[in-house]
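Pasting in a structure now, in structure tokens, and then I'll have a few things to ask.
A, B, C and D label the chains in the order they appear, each numbered from 1.
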């Protein structure tokens, strides 16, 4: 049985993979946002994540620094709602990983909880409002539940992925109550939420990267 | 899109370049390309006034930077909050050691970014206090005033706070009067058409011909009701019926009135609406001390109008009458104020 | 028609009522319901400045009544000349015995009605001289300058003449400087959409989506060319290519620039255009002394823009820098001017 | 053979009939103007002519005073282009009828010439520009020619009517070169000119009234 943890010093790959996944989904994220929003979610996200890549270039970052850099770039330089929301998420995660040498399942669970709490501190959105929280909240819950049930790190990550995807898919049937698309009321039903889609991409990529690192 | 633009993704940058060239006698660039300040800021001994928000509301926000007005603004993308760094840099540009009043609009992005910016400023020892405008009556019921958005009432808040700061008031005094201004203000909008974010290229929503949306927000946030397009007189009555009882404004009150177009409505029509507003207020025994009619706070190319009333007391009256020099609000005053 | 109006046949009356209520600190009614004057007119010892024209050009014409600006206006129906009586009454309202400068726009109706009004004023012994603006380059070839129409360049003419009159100049001096201002001014417009006279209820003409009309007039008079909608930069270049060689403006010249929206174009876009105008002028070695960007002379709800340049000499520069207080043009000046 | 003249003191009926004919054609004049103009010619004309009726009410006007009143009201109170154009026409006519007790064929010819000259003093329009001059100029020419040929007053009036109607009809094929409709260029072809139509109504009504007075 493999060691159920990975080295903070080797974890920056997690962030680099996030950058790649966001860049690769720039167009589709904007298209999804275009259906009931203003069609710029991919552009906004890609702008922020790409700026982070520049910032990490040449630096021998560990996971903590990479997450912190990503969070700060989003927070400081993207503006809108997405900047502070995803920014807080990654910064709060980085505070938990902090100086830990190894990131195990417990630590990662704390990181997720802290990231989520960071968002909830600044956003009034609730589950069911058709936002990224509809992917994030069930995903975090699933990870923590798996952990509590004694599942191992990669099993818990797998549960997280499943819950995130399901949460994202569930946004199709929701009416938007927060942000730009809330203006459409009943007409916002029938399409995915863009933020939930990017959040699912992020969570799923993190799960894959960590699984590979274990 | 019959628009005068270059790259639709760069309308904000392009507009800002043109703006500072036109108004270099009043507004200066800073090291942050999304922060602009009154050319004499930081004014020694004066509390700094900062605001900010998404673009597309010309002359707001940058147009209210000037003498006895706002000292610096943080500029966001079209309809999208400025970054935390922009707010933070704006604070730094205007603080002369007397603290900064950040007076903005209660949009979730702005709330989050201002909050972050203040945390950064705290670390630098810059004292920042905020007033969050919530004059838009239609955006939430009175029982949830805290959820209401800030709209054109922000202009009164800036005017009053800018004048107060120019008089040498302390940060607490400036905050108190800014809060009073917004507490005494009520606004409502009527939308007659949608608007198009240039980078998106298609209308944000739809208002059918022959219809109007009462209570629409400054980004097209849904209103209270879509109804048949009324006459100017009917619109004036509808809007006052929403605003007057909410504060409530009553017989004997002294008010300032602001009728602002949303961008694509000819100013001629705003005067037609104002005429009836003024008649109704006269009937109600509410006295107009001063009124502003024009494009003061717009929403890209949306057609429509907003109406704002602020009840005056002696302090607010004096501050509203002070001289002011900014692109969006320029008035001579008996009192130079500064 | 998504408009804020009551009776479409009475938009002018309704607008005027709202206007005087809003700006009673600056503008007064007179016995003629179609004549409005600066509240202090006739100003003792000062030459009176009168203008007038059809309605639908807000803030023109009434918006330029004020201190160091126009003393009275004659107001016509939408896009239709005021009556001869209105011009005549305007003359009478502002003459303090020093004569009246009637500075207007070269539209056939205005020409005829002003002519009649002057005949009437003559009988009263009121001395009236005129300057007929003809700054619209696209409206006739240079060989027929006298046929060109007056457009936004009129604002510079009023500003300069208003300041000169405030300085105590004689009628001949005021006329000379007003004529110089318009002789040194060149304008051109680009239309991006049609406009709708409320009483007519359907667009006056059509500009297809994706097209623009270069050289369009202030009432939709046909332009020089309909072409594919260009970028803001292309429009700036097109307009300057028409204006610059006509005067001609050349390296070393000092100019004031006015970019005016036609009514429905968001001001943001005007700044984007101005940015490129400014860059091209810099390349050409033409120095911008002062610039104005906003809705200064509109055409109901037409989308589009006009660009005006005026070459300065020392006298024009001084007069342009004078303080002015009117709804459409309000500026602080080092020199109070009056 | 009847006396070939009518009394100035009995001529105000001419103006009252003009007022009636304009009021009765308010809608059709606006409709014609609407095709290539702004659709208000009937409104403008009717406003002016009706105001004149109020002004003449109770006054025992002769032709001279009635024409002068009509002209002054149009000139002073209607504005636009029509005010001064028709205003000058009627005022100049009234200057010629002046203190004449009887209006004969020569006098009326002078009146028409003076009215036309008054318009030409202030308008740059030429025959063929698709304006009221396309009815007026041939009508005046026809009256004067008939007179020169020795035709009597009512014969000359009849020639005037014919020429005016023909002139008006000819505007259908013209391209507008003056005023609002000139904006349409080639597309202004194919409809009557509103001003020529009202001018024809006026001339034809004058001819009928005078013929009846003779």
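Criterion: a contact is a pair of C-beta atoms (placed from the backbone, for glycine too) under 8 Å apart; a residue touches a chain by one contact, two chains touch by 3 or more.
The shown structure was predicted, so the numbers you read here are calculated from the model rather than taken from an experiment.
For everything except subunit C, show me which chains still form connected clusters by touching.
A, B | D
Would you mind pulling out the distance in Å between where the CA atoms of subunit A average out and where those of subunit D do?
81
Distance between subunit A and subunit B based on Cα centroids, please, to the nearest Å.
Going by mean C-alpha positions, subunit A sits 34 Å from subunit B.
In whole angstrom, what separates the CA-based centres of subunit B and subunit C?
Here subunit B and subunit C have centroids separated by 29 Å.
Using mean C-alpha positions as chain centres, tell me how far subunit B is from subunit D in Å, no decimals.
Centre separation, subunit B to subunit D: 57 Å.
Do you know which subunit B residues sit against two or more other chains?
Residues of subunit B never touch two or more of the other chains.
Name the residues of subunit D that each touch 2 or more other chains.
Correct list: empty.
What is the shape of the graph in which nodes denote protein chains and edges denote touching chain pairs (line, ring, star, complete, other)?
line
Chain pairs in touch?
Every pair of chains meeting the touch criterion: A-B, B-C, C-D.
Using the touch definition from the top, list the residues of subunit B that touch subunit A in their complex.
Residues 9, 76-77, 79-86, 108-109, 111-113, 115-116, 197, 199-200, 204-205, 219-222 of subunit B touch subunit A in their complex.
For the complex, give me every residue of subunit B touching subunit C.
2-6, 11, 14-19, 21-22, 55-56, 58-59, 192-193, 207, 209, 212, 229, 231-233, 235, 263-276, 278, 288, 291-293, 295, 298, 300-301, 303, 305, 325, 330-332
Using the touch definition from the top, list the residues of subunit D that touch subunit C in their complex.
34, 38-40, 43, 75-81, 83-85, 87, 122-124, 178-180, 182-185
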